[in-house]
Amino acid sequence: MKSIIETGFKATVRVKVRFSEVDSMAVVWHGNYIHFFEDAREAFGEKYGITYMDVFANGFYTPLVSVHCDYKSPLRYGDEALVEIVYFDTLAAKIIFKYNISNLTTGNLAATGETVQVFLSVNDNALSLGIPPFFEKWKQKMGLK
Amino acid sequence: MKSIIETGFKATVRVKVRFSEVDSMAVVWHGNYIHFFEDAREAFGEKYGITYMDVFANGFYTPLVSVHCDYKSPLRYGDEALVEIVYFDTLAAKIIFKYNISNLTTGNLAATGETVQVFLSVNDNALSLGIPPFFEKWKQKMGLK
Amino acid sequence: MKSIIETGFKATVRVKVRFSEVDSMAVVWHGNYIHFFEDAREAFGEKYGITYMDVFANGFYTPLVSVHCDYKSPLRYGDEALVEIVYFDTLAAKIIFKYNISNLTTGNLAATGETVQVFLSVNDNALSLGIPPFFEKWKQKMGLK
Amino acid sequence: MKSIIETGFKATVRVKVRFSEVDSMAVVWHGNYIHFFEDAREAFGEKYGITYMDVFANGFYTPLVSVHCDYKSPLRYGDEALVEIVYFDTLAAKIIFKYNISNLTTGNLAATGETVQVFLSVNDNALSLGIPPFFEKWKQKMGLK
């Protein structure tokens, strides 16, 4: 049984490597890719009406429970990168995104990654075991399930 | 009329330069000194009973209204630095700190700086024009005025 | 004698406040404004042919010797800001920029600031007491002096 | 065949959560855990004579090829955390560390993680397919293999 399904819902965001993001090896410090993933989630949220603000307005936070990043080739100061985010659907009360970061300056794949988020109630900080109604509605609007 | 008085109340904190803090010139990126100032304010707050938490418990935030930093000599990866913070007293509803950062590895002065903070009410975000009573009490306890 | 002259050479860059940039008061942490200044210097460098890369290609670094920021009103998560950078000319071997950050979401002025940079030789890390020839040429091209 | 072996070589580092590390939910922003992992690698390197500096002196960089973090419970402003790093041995030309972050203030496990690093020659940026001699020597000194 396949529990995670690529939906084809994607968004992209371009980032230009900042001077303050590179380390003494003149490549982007590995921890900064986590910011690029967040930039992509923002872009996805805006494109599909599911920003942190939308989620919060429905009484939830969606903190990360895991992040993974595989580094493929470096990004250097001045390089432009394209961060692609894809939504993967699951029956669990989770939000799963996968990421591809391409270095537009070199044409190389720079990194891939994945994040998993859960739903926490703003009221009592309780973990939501089921998918919250607002997110079920969003899925339906997206034609999922 | 001298409106700002050095009190002699100081605290120090040692920081070791992290790999992620240096830039492609292999020196600490200038923006990271702002973190060192904050580390020193923390140390001061703990030493003298006036942490962000104490301030918050009294119904106030103390956001910065200005920061200044003069860079004197570089800090490199692995260098140890001593950040000294000194409290300057004023009759205004402000908190003024001055900072000296010494590079313990080279013996050089690395930077000096200053921050100014004001009092904002947690309730209504209103700027406090007078010194809040809890801070007057703290000053008295410190023997100021 | 007026030693610093506003040139009218400016650049602007729009930034959208990232989730990771705000603190527990839900406003941009004060240290992050230093990144916005850097984004603006980048934009200026690209517009007028004087990026870090151009400078480096001419054998120089231009590290900051001072930064100042006055905070006027908060930037919140999701707010858009316009960072304006203006070049101020001087006879000294320095690069002076002033900054205005406007909150486009609220219409308020968010912050103003200033940075001063000097010229360091890549070869020997020596401070340049005079204005390096490549920078004099740039000034002439810009019609300064 | 078990290719990754827990060696029992560990180091720990205490970190106190900085104000600038927490987000608008008042918990440490997930990306900042990557800094804690780096702090632990530093501590390990110093304890066992294998810092970035030592590695560099032998002609190598050891960039990360992957990072993983599982978030278990939040770290809040002012919390103290203990970051434990354990070295896992492998026959591959890789450096594998696993991490446990405990929240000393609450007694809860805050996060676990893993990083994988490879060897890049400083001279030509070439990936080392075999384990470099200096690292074999370090392993022998540690009694591995």
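Note that the chains are named A, B, C and D in the order they appear, and that numbering of residues resets to 1 at the start of each chain.
In this section, contacts are C-beta pairs under 8 Å (C-beta built on N, C-alpha and C of every residue); 3 or more make two chains touch, one makes a residue touch a chain.
This one's a predicted model, so the numbers in the text were calculated from it and none came from an experiment.
Participant: Between B-D and A-D, which chain pair is linked by the larger number of C-beta contacts?
Facilitator: Comparing B-D with A-D, the pair joined by more C-beta contacts is A-D.
Participant: Farthest chain from chain D, comparing Cα centres?
Facilitator: Most remote chain from chain D, centroid-wise, comes out as C.
Participant: With chain centres defined as C-alpha means, what is the inter-centre distance between chain A and chain B in Å?
Facilitator: 35
Participant: CA centre of chain B versus CA centre of chain D: separation in Å?
Facilitator: Centre-to-centre distance between chain B and chain D: 31 Å.
Participant: With chain centres taken as the means of their Cα atoms, state the distance from chain A to chain D in Å.
Facilitator: A distance of 24 Å separates the two centres.
Participant: Where in chain A do residues touch two or more other chains at once?
Facilitator: Residues 19-20, 25, 31, 35, 38, 77 of chain A each touch two or more of the other chains.
Participant: Mind pulling up the chain D residues that touch chain C in the complex?
Facilitator: 19-20, 22-26, 29, 31, 77
Participant: Sort out for me which residues of chain B touch chain D in the complex.
Facilitator: Chain B residues touching chain D: 16, 18-20, 35, 38-39, 42, 51-53, 77-78.
Participant: Where on chain D is chain A touching in the complex?
Facilitator: These residues of chain D touch chain A: 25, 27, 30-31, 34-35, 38, 61, 63-71, 74.
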